[in-house]
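Chain naming follows the written order as A, B, C, D, E and F, and within any one chain the residues start at number 1.
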Amino acid sequence: MSEMSVSAANTFHRGVHPDEFKAMSSGIRSRELPLPEEVFIPLQQHIGAPCEALVQKGDTVKTGQKIADSQAFVSSPVHASITGVVRAVAAFPHPLGGRVPMIHIVREGEADEWELLERPESWEAASVETLKHIVREAGIVGLGGAAFPTHVKMSPPEDKHVDHFILNGCECEPFLTCDHRSMLEETDNILTGMSIIMKMLKIDKGIIGIENNKQDAVDVMQSRVDALQLGFKVQPLKVKYPQGAEKMLIAAALGRKVPTGGLPMDVGVVVNNIATAQAVYNAVVNGKPLIQRMLTVAGDAVAEPGNLTVRVGTSFKTCIDACGGLKSETAEVFMGGPMMGLSQYDLNVPTLKATSGIVCLESSQLKKVKQYPCIQCGRCVGACPMNLVPTRLARFAETAQYDACNEWGVFNCVECGSCAFVCPSGIPLVQWIRVGKVKVTEKQNKVKAEA
Amino acid sequence: MDLASIAVSMLSMGGLGALFATGLVLANKKLYVEEDPRIGQVASLLPGANCGGCGLPGCANFAENLVGGNIEISGCPVCNDEARAEIATIMGLEAQKGEKIVARVLCQGGNYESAKKGEYLGIESCTAAHISGGGDKLCLYGCLGYGECVDSCPFDALHMSENGLPVVDEDTCTGCGNCEDACPRGVIGMHPVSHTLFVACKNEDSPKDSRQVCIKACVGCGLCVRGVEEGLMTMENNLARIDYHLYGTDCRELPTEKCSTNAIILLESVSKEKSVERAEMAEV
Amino acid sequence: MAKPVSLKAEFVKGLWNENPVMASLLGLCPTLAVTNAAVNGLAMGLATTFVLLTSTLMISTMRNLVPHQVRIAGYIVIIATFVTVADRFLAAFFPEISATLGPYIPLIVVNCLILGRQEAFSSRNPVGRSLVDSLGMGLGFIMVLIVLGSIREILGSGSIFGVTVLGDWFSPWMVMILPPGAFLTLGILIALVNWINSRRIAA
Amino acid sequence: MSETASTPEKQPIPKKVQKDPRAKLFKPEISFILASSPHFHASASVPKIMWNVILALVPAVIMAFIYFGWASAGLILSSVSAALLSEMLVNKVKGGGFTILDGSAAITGLLLALTLPPTFSLGGAALGSVFAILIGKHVFGGLGYNIFNPALLGRAFLQASFPVKMTSWSWPLTTQYVDLDGVTAATPLGLFKFEQTTTELTGLLTGNISGSLGETSALAVLAGGLYLLIRKYADWRIPLSYLLSVFLISGIFWLISPEVYPSPVFHLFSGGLMLGAFFMATDMVTSPVTAAGAWIFGAGAGLVLVLIRLFGGLPEGVMYSILFMNAFTPIINRYTRPKFFGEIRA
Amino acid sequence: MTYFLLFFSAAIVNNFVLSYFLGICPFVGVSKKISSAVSMGMAVTFVMLISAVVTWLIYHMILVPFHVEILEYVSFILVIASLVQLVEMFIRKVSKPLYDTLGIYLPLITTNCAILGLALFSVLREYAFLESVVFALGAGAGFTLALVIMAGIREELALAPVPRHFQGAGITMIVAGALALAFMGFAGMI
Amino acid sequence: MKNLSLSTRMILVLTLITIMSGAILAGWDLYTKPKVEYHREQALQAAIADVLPPYDHYDVLNTEQGYLYVGKEKDSTASVGLAFMAIGSGFQGEVRIMVGYDPDKRQLTGIKVLEQIETPGLGTKIVTDPSNKNDPLWWSAQFEGVAVEPEIVVIKNAKPVNDYEIQGITGATISSKAVVRIINDRLDVVQDLINQAGGHK
């Protein structure tokens, strides 16, 4: 690992500057969405082993009741997010594509009866094992996007020496402001969540990384850290996409470079999202499993953009309707921000634990570029934070030279989209790179199978 | 003087010739390396021009690669058809003794039959569409229609129909399986030509879902299983399957008529039906 | 070897379908080097055909005598012999042409075309058939050389076989008689042949 | 029987159907766009880049007009229109879009014109353009795929075809020694190579010297070049490394023997170096995409240029140095893969 | 210095492939991949070296003293062909890796005009022994350079939509033409 | 033949082929050599005749520095001039020039470029210049009577004023200068030879 001087390290190399469009929702206090009539809760919302349903059609469930779980270590249970009756356990459309098994719960009356987790009197006194157990039982996964089970992250292998925790408050995607609002509205809870995480990790060095464009959040965080005497470092970072990608954040905040193919803990760091810390707080202090989160509904195709606290499994349509509904000229709706989000075709898909935003755009804002052949301008190379050569990766994928794809590091791509964003030829670089990844994997599997 | 110079010429050339011939004789004995006898046979049939036109360093190397199975006979631009044929016999291409295998496209969800979910703007390649949500077709299993299989066929045995489905030319298809590998959806299967009964659908969704997706989808109603030879048809994951071990010439009762969505097809009957249909259309 | 092919087919194939330069890409060096004027192309083509025919005659006659291991050395000596004969012939009777073709006459020895035909055909076929084959190949070679030489000469000097055809208004493109012109012209010619072939197949 | 299991090719779409079999199929309420991320895009586009390069060439074009008058206008017009017509021809033959508006063919024509001597014939300029577009660009697959700089390949073709006309210079209209023959002038590099005299720096900077249309005024070219670099339309590494390597290598020779070899400053501002360094070596299609590659490219071109200028038969070698390095670009690209983020190389 | 100039001249200024048109067949044939281009280039250089030495000896030790210069072509080619065959068999026996990178290219080289051309040029230009060795090295280096550049370009062109009829030999010739144009810049240097 | 061992056959066949080749070529050599020599001789004589003033015959002097051809008047020992070959590199490659020299007047009597590989249309103007329809040989004709002292020089873009000046070829300055340089260099050597011989022929 290479240490850079800290003063210079408040950003990473390369990256891009998309327009932010955050103002439409960052100044408005978040709202709580009324309880939805029905929810669809996918059995698997995390990386790792899938869950099996613990309930059947016709069962009555309470809010917070565990309805699916798995024995595997890398997995996370799922909880009912409303009180009601299980209507079906079947495949329904999923925002990540396809139809996957979900538990369909329909609300019964106005009741919102909670089934809380067992929790210690005080988290300071509790043992690390207890805390990790609660985090697991609460179904907490990384809310920054990848949905990796958080209790696994809290248990680094013996040989990895973790010395820093970084709270990821960058929120570098355009439009999204839910982390920003959380930092302003739930400051203390987040800081407590962070303290709990650091206790689980048995470390005392914490950094909160926040992009410069959220100066109010930096100030609030700094003042509360000082007031509570927590000793965390609030590190303002230059505004640049993808500052929030953990490898970039670690480079910016600590000057450490996660080795290729490595994990943050290889350089002694664990990174979590703001919302993850908040979920940890809610589980450990309030005994509430992860059944709701704050998300941003924004874009020029919605009438009243804003941040909503919604129950997991609420349909996109409900969320959008709560923000004034869609305009008729809507061209595209995606889950997540415009840089990494996924296009949707059906608004009846449910929100997931890791859904941080629903962005709806009219065609005027889509900024499409006519496609030209690659002119080798190298802009993509200058934009790629992972220091790849996207144009070559894409050309190799296009011409089926998969060995070259692999050699040129196709698997290092984090699919941040910076390259395709800057490409003056409008080449769908990221999509080609994904094709490359798939094909290389296929080829490797084939070779393995033959051997 | 004149005779002398002729003698000198003959002597010096003859000397050089003898010298090198001896060298080659010795080398042939001492430096002989054992190799697959077919390499020599093939090499002797190749033009021997060592022109490098094949991209390889020389004819001997080409022969080695040919015998090693790394290159096709057609790689040599100089070789004529006769020699090619002979080389093929040496190489024992009689490996294809069994029944001719051809590619079959097991999906009928062309542009007309299948439901669209939106306007796909992205790379027009099947793999690319498959990994980014499946292009504009709602079906998660069927043909995407961007013709990656067509591009992958080295023999030009595939083309896209106007309806957006690949069509195999049975006569040209060599059964190499490239298209099967290329298709990200597993829509293409390799079958002996004598197999004519197919469930031309891959949709494993529930009947309710699959009905929404394609008018020719196998909805998993199970009608086809009943009444045919025991075990010939089975249902698995909402999809009918044919056990080709039981499938034979004596199979009289065909499940095609029973299928409510025409997902099961019998190749000949399809073409017959089609011609009847056309005739009727013409009359109207 | 093989089913009988008519002698005519044996002859014709060298002209187009198996044309040594266009289809098999053999003998490119002389093709490029001496075609800065049509007459040079013709002379080189004739010399090459002469060597091709005479060496074919010899090699095909003694095809059953030469052991595999020394055939390259043997063939090439025979070829070189006739090349020397041709070279001396030009030097003795056509000194000007000999001077322009300069060092490229001896290189006929290593013209892949000749050794290629010997290996591929003459060493396996009776004399008559081999001669017909060689004649076809030789004519195919001459043809290409003349076409290439004419194009280069017209554009590069405004003349053909030394006769001025383009008037004073035309300033010759000197590049055509220089190395780049040779490569470019052959490249375009090959593409043209591919195009014609694809049209023929389509038809 | 050659039909497959799939739907017949020309599915007879029923004309009169009581019930559309497709009625039950799913229909989205709104048909959204389905695309792969990112959904946003920066405002740069190929035409924008190209037209900006043309804008950056305006000072040089104006200077050419001031010095050489209508001759320059004719050459530019003839070359650019020939380039555009060839591009149109290709569009027609190949099918596909109408690609003139992307500006790349216009640049090729314009740059080619700027490298021609003012007395060159209009037909010759057009011929060079046609060669540049057809052979230099489209035979390789068109925009983005050509290996060699098309304008320079066109010029190399002209130089090899009409070496006398391509090395016949006239004095600018603004100099006092107007020569009606118009053929006896010599460029600063030519003067140096054949008469061993060097030219004053002020002449080189303002362009009051003989030479091709675009090489007379180094300052005008420099202004346009800097615009390109500031707007990031060209990679700054290439002109920098090119000029630096010319300066250093010629400087070494100059230090060894100042009487024989001209000063590095003379090298920098004479001939087509400025135009070449800022507008031709920086052609992104034919230069490496990697940063390390850009340095190598520039340095190599500088070395070749000095070698040709000092020891070659020709007085100027900008064109050849760039074409030579163009040939190496694929290899440079291949062997200068940047280190991945976090990669530890053995 | 004169040796350096001789080398430079043979390698760049008067490049065998691009300005003398020697060895075009392998230049077109074996330039699809950089790795095989490098191997081929090494093999050619090696054979050039051997044949320069041997043909010089034959010419000056046998042909000239006995006044049988007419045997020049025949004896040169006989010696080159046999020697290459011997070396190939030797390498094949001795080292498999060496055979795979170098040996397999040897048969192709026998019928490469560049080799005989080199021998003949050496005689024509009346090079002394050492000069002809340097000349061979330079010519070999130049051949390798041209081959490797061409291979690099062709690997790149494999990624490009070259018009169908130009694919293969056509575009290779065009590239060679462009290279020859680019190399003209060195004209007059030596 | 078939029943001989492979090794014997290999040696025998190759030796036979080579012997045969030797025989054919030697025979052909005998037949053509005189003709080739004759052409060469003719060419040489023509070149000497071109560069020297009319003479009756010439003597060949074989010096350490190469051949000199001394043209003689009929029945006279007086020479009309001497001719020699000058060789050097031009723009592209070697240039061979036959030079006629009058040591008494210290001026050239003519030159003829015998071999060169200069660029056609440019450097080849040192031999003939097709663009000058009236006098394609104008360039080499200039050398007749040019003074060799202090040395011959090429001037560009102007008519020669001094008797030691030669007008260069536009567009082929390098070739022009190269020819002059080659002649100057060779002249030095030849002049030395003459001086050694005591100014005598």
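Operating definition for what follows: contacts are C-beta pairs under 8 Å (C-beta built on N, C-alpha and C of every residue); 3 or more make two chains touch, one makes a residue touch a chain.
It should be emphasised that the depicted structure is a prediction, and the values quoted were computed from it without experimental measurement.
Where touching is counted per the definition, the chains common to subunit E and subunit F are B, C, D. Fewest steps needed to get from subunit A to subunit C, stepping only to touching chains, is 2. Steps from subunit B to subunit C, taking the shortest chain of touch contacts, total 1.
Chain D has the Cα centre that lies closest to the mean of all protein Cα atoms in view. Taking each chain's centre as the mean of its CA atoms, F is the chain most distant from subunit A.
Here C-F and A-D are compared, and the pair linked by more C-beta contacts is A-D. A straight line joining the Cα centres of subunit A and subunit E is 60 Å long. Averaged C-alpha coordinates put the centre of subunit B at 68 Å from the centre of subunit F.
Subunit D and subunit E have centres, each the mean of its CA atoms, that are 33 Å apart. Each chain gets one centre point, the mean of its Cα atoms, and the points for subunit B and subunit D are 45 Å apart. Subunit F has residues 6, 10, 13-14, 17-18, 21-22, 25-26, 28-29, 91, 119, 121-122, 174 in contact with two or more other chains.
Taken residue by residue, subunit E touches two or more other chains at 25, 28-29, 68, 70-71, 74, 78, 82, 85, 107, 110-111, 163, 166, 171, 174, 178, 181, 184, 187-188, whereas all remaining positions touch fewer.
Within subunit B, contacts with two or more other chains are made by residues 5, 8-9, 12-13, 16-17, 20-21, 24-25, 28, 49-51, 53, 117-118, 121-123, 128, 132-133. Looking at which chains touch one another, you get A-B, A-D, A-E, B-C, B-D, B-E, B-F, C-D, C-E, C-F, D-E, D-F, E-F.
Subunit C contributes residues 25-30, 32-33, 72-73, 76-77, 79-81, 83-84, 87-88, 103, 106-107, 109-112, 115, 175, 178-184, 186-188, 190-192, 194-195, 198 to its touches with subunit E in the complex. Partner subunit F is touched in their complex by these residues of subunit C: 36, 65-67, 69-70, 73-74, 77-78, 80-81, 84-85, 88-89, 91-93, 95, 99, 156-157, 172, 174, 177-178. The part of subunit D that touches subunit B in the complex is made up of residues 1-13, 15, 21-22, 24-28, 31-36.
On the subunit E side of its complex with subunit A, the touching residues are 158-159. The part of subunit D that touches subunit A in the complex is made up of residues 28-30, 32-46, 48-49, 102, 104, 141-145, 235, 284-287, 289-291, 333, 337-344.
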